[in-house]
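Below, each structure is written out as structure tokens.
In the two assemblies presented below, subunit A is common to both, partnered first by subunit B and then by subunit C.
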Partner chain A sequence: MNALQTKPRTVPLSKRGMSFETFMWVFTRVTALAMYGFILVGLIGAIAMGALHEMTFVEVIRWALVSNPGHVESTNVQDIAPWASAFWRTVASGMFLTALAHGIHGVIVIVDDYVASASGRNWNRYISMAMFFVVMGAGLYVIWKA
Partner chain B sequence: MGLKRNVPLSAALGYKGQGPFLAFILHRVGGAGMAIFITMHVLSTFAEMRGLAIGDALNKVYTSPPFQIFILFCVLFHAINGLRITLLDIFHAKLMPHYRKIIAVEWVVFILVFGFAAVSVVATAIGRM
Partner chain C sequence: MEVTVKIFRYNPEKDARGNYVTYKIEAEPTDRILDVLEHIKGKTDGALSFRRSCAHGVCGSDAMRINGRNRLACKVLVRDVGANITIEPLLGMKVKKDLIVDMEPFFNNYKKMTPYLVNNSPLPADGRERLQSPEQRARFDESTKCILCAACTTSCPSFWANDEYFGPAAFVTAHRFIFDSRDEGASQRLMVLAETDGTVRCHTAYNCTDACPREIHITQAIGDLKMAMVTGKLE
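Moving on, here comes the complex of A and B:
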């Protein structure tokens, strides 16, 4: 430990206040943990529905990431019905929307690092938000209409 | 609005960082890879369901083994590195002094999970030929 670290260098949140940037910083971490929760639910569900006999390791990963019925179509699963229940489509929608919000924010952060002009950063936000709604509509359609 | 860093891409790529920088840049590559390819995957599946041939053609690329290995790299590295970042932020007082060792542990976990997944992709492809 060097001398610099004897005093805490972080200001407590109560003194710092919660700006939009701070909120999104927390949001990124919270959604990361939430996605691990969704993956765990998907994994346990897949094992309970017989994935050990009908799916390969990578197919289980794909299902656990987004549990939509389309992700079991190309596997050896005989009866898709339990995999296509409203419960699993809801889990898939939760994972998808969490990942989409996390990802769109991530894209804005990355582009901001390489685009410094105010207008460029505004366009970054307009295009990213437009993509958010387009992909959200398409994704929910894929999850619920398959 | 974020910080005005204003670093050109060429200078950013020329930075000779070590382990933590490699994790940072691979996290970006993985995140950007997912943003581009999962967006395309969602849109192409939507197109396929609406009866457009372009969606079918794109999803054939997505189920090909080389592409699956690439996207698994993006997803698994981003997920495992993201968990490492989140845990360091939650328990920063305890874990931050050991962050380089923790990155080494992260690589062991990543290589095991990604290696197993990549082998599974290849074995499945061979099994279905």
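Moving on, here comes the complex of A and C:
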């Protein structure tokens, strides 16, 4: 009898565990991809707006990164009202929240590299989460009230 | 040729902190750094302490920082580093004396990886060995080359910052067994790797790959482990 192992070797999730750290490692990769998606949507919007003739490169980038109507006020686009719609504010909010969560988690990970004590790491999380909520409130206010 | 060798010295019974001592000796360009150290210890300063064993790049005992890079003293020639040589103990570990560091935490992390084959299944019907194809063997071939010299772990900025971090050498050990088709202990190893000080602390600086005297692609091996943790696939 041939004793060669030929079955595919896989370990189910229940037996390999998905710690919070591993989950957040995946989260960081997924949010990075999601940001590329939001930027692509923003670029398509900018082209539809007339980016080739009505906007500078800097304005295109500003809009693509956060599709806030305030970012196209200084352009030659005649009617910016359609670009201040709920859809584009939602896209801007999505990009902003994704980037914020990605960035704050990055800060937590990097600080954790230098702080090994449990209490230090807890403080790192408290301060980072407080920053998260403050910046989130300010950012969403700007996007939806601008 | 005359060689100027600056060596980190520390005697815990006399010194509050380490200092550097400079020696000038005659050496051949083809001499190894280990030969230079032996020369100094034998003819100039018998108190100089360093680890060595096989002296042929197999045992991993004489890993140290040579001109700022982690290398094996027995595999570096004088002509490779020039006439001005600085030799220091590995970074990130407690210095016990001169170039000797405390390897105990390093081997504790190694032990956490269950560094042996786990297989509780009955023997094959013929009662002989568990066979493995060349392709299955090739999957973990690189990680079998590790000599546990600690050059990788002590070159890692994540380890310098946090000595609780398991470190690249422990991950290479995990890789060696997790991807072995005969092994059945992947689950327990993946559980350990998923801990706070596991593979998520690797930020792919690639220092470990540069430092490895066995030229193991360590960062790639850690990437394999991360994918196994996420997908569960061990092929």
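The definition used in the following text is that the second predicted complex is superposed on the first by the 128 of 146 C-alpha atoms of A that agree within 3 Å, B and C clash if a C-alpha of one lies under 4 Å from a C-alpha of the other, contacts with A are read in each partner's own complex, and residues count from 1 in each chain.
Here, contacts are C-beta pairs under 8 Å (C-beta built on N, C-alpha and C of every residue); 3 or more make two chains touch, one makes a residue touch a chain.
None of these values were measured; they are calculated from a predicted model.
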Of the partners subunit B and subunit C, which touch A:L97 in the superposed model: first, second, both, neither?
-> neither
After lining up the shared chain so the two structures overlap, which partner does A:L33 touch, if you call subunit B first and subunit C second: first, second, both or neither?
-> first
Applying the touch criterion given at the start, work out whether A:V11 contacts subunit B, subunit C, both or neither, answering first, second, both or neither.
-> second
Touched partner set for A:E21, first subunit B, second subunit C, both or neither = both
Of subunit B and subunit C, the partner touching more residues of subunit A is B
Return first, second, both or neither, reflecting whether A:V58 touches subunit B, subunit C, both chains, or no partner chain.
-> first
Once the structures are superposed on A, label A:A84 by its partner contacts, choosing first (subunit B), second (subunit C), both or neither.
-> neither
Once the structures are superposed on A, label A:D113 by its partner contacts, choosing first (subunit B), second (subunit C), both or neither.
-> both
Residue overlap on subunit A between the subunit B contact set and the subunit C contact set?
-> 1, 21, 109, 112-114, 116
Quick one: in the complex, what on subunit B touches subunit A?
-> 1-2, 4-7, 9, 12, 28, 31-32, 34-35, 38-39, 42-43, 45-46, 49, 63, 68, 72, 75, 79, 82-83, 85-86, 89-90, 97, 116-117, 120-121, 123-124
Once bound in the complex, which stretches of subunit A touch subunit B?
-> 1, 21, 29, 32-33, 35-36, 39, 56-59, 61, 65, 70, 74, 99, 103-104, 106-107, 109-110, 112-114, 116, 118, 121, 131, 134-135, 138-139, 141-142, 145-146
Subunit A touches which residues of subunit C in the complex?
-> 124-126, 128-133, 136, 157-158, 161-164, 181-182, 186-187, 190-191, 194-196, 198-201, 203, 226, 228-235
Provide the residue numbers of subunit A that touch subunit C in the complex, in ascending order.
-> 1-5, 8-13, 15-19, 21-22, 24-26, 109, 112-114, 116
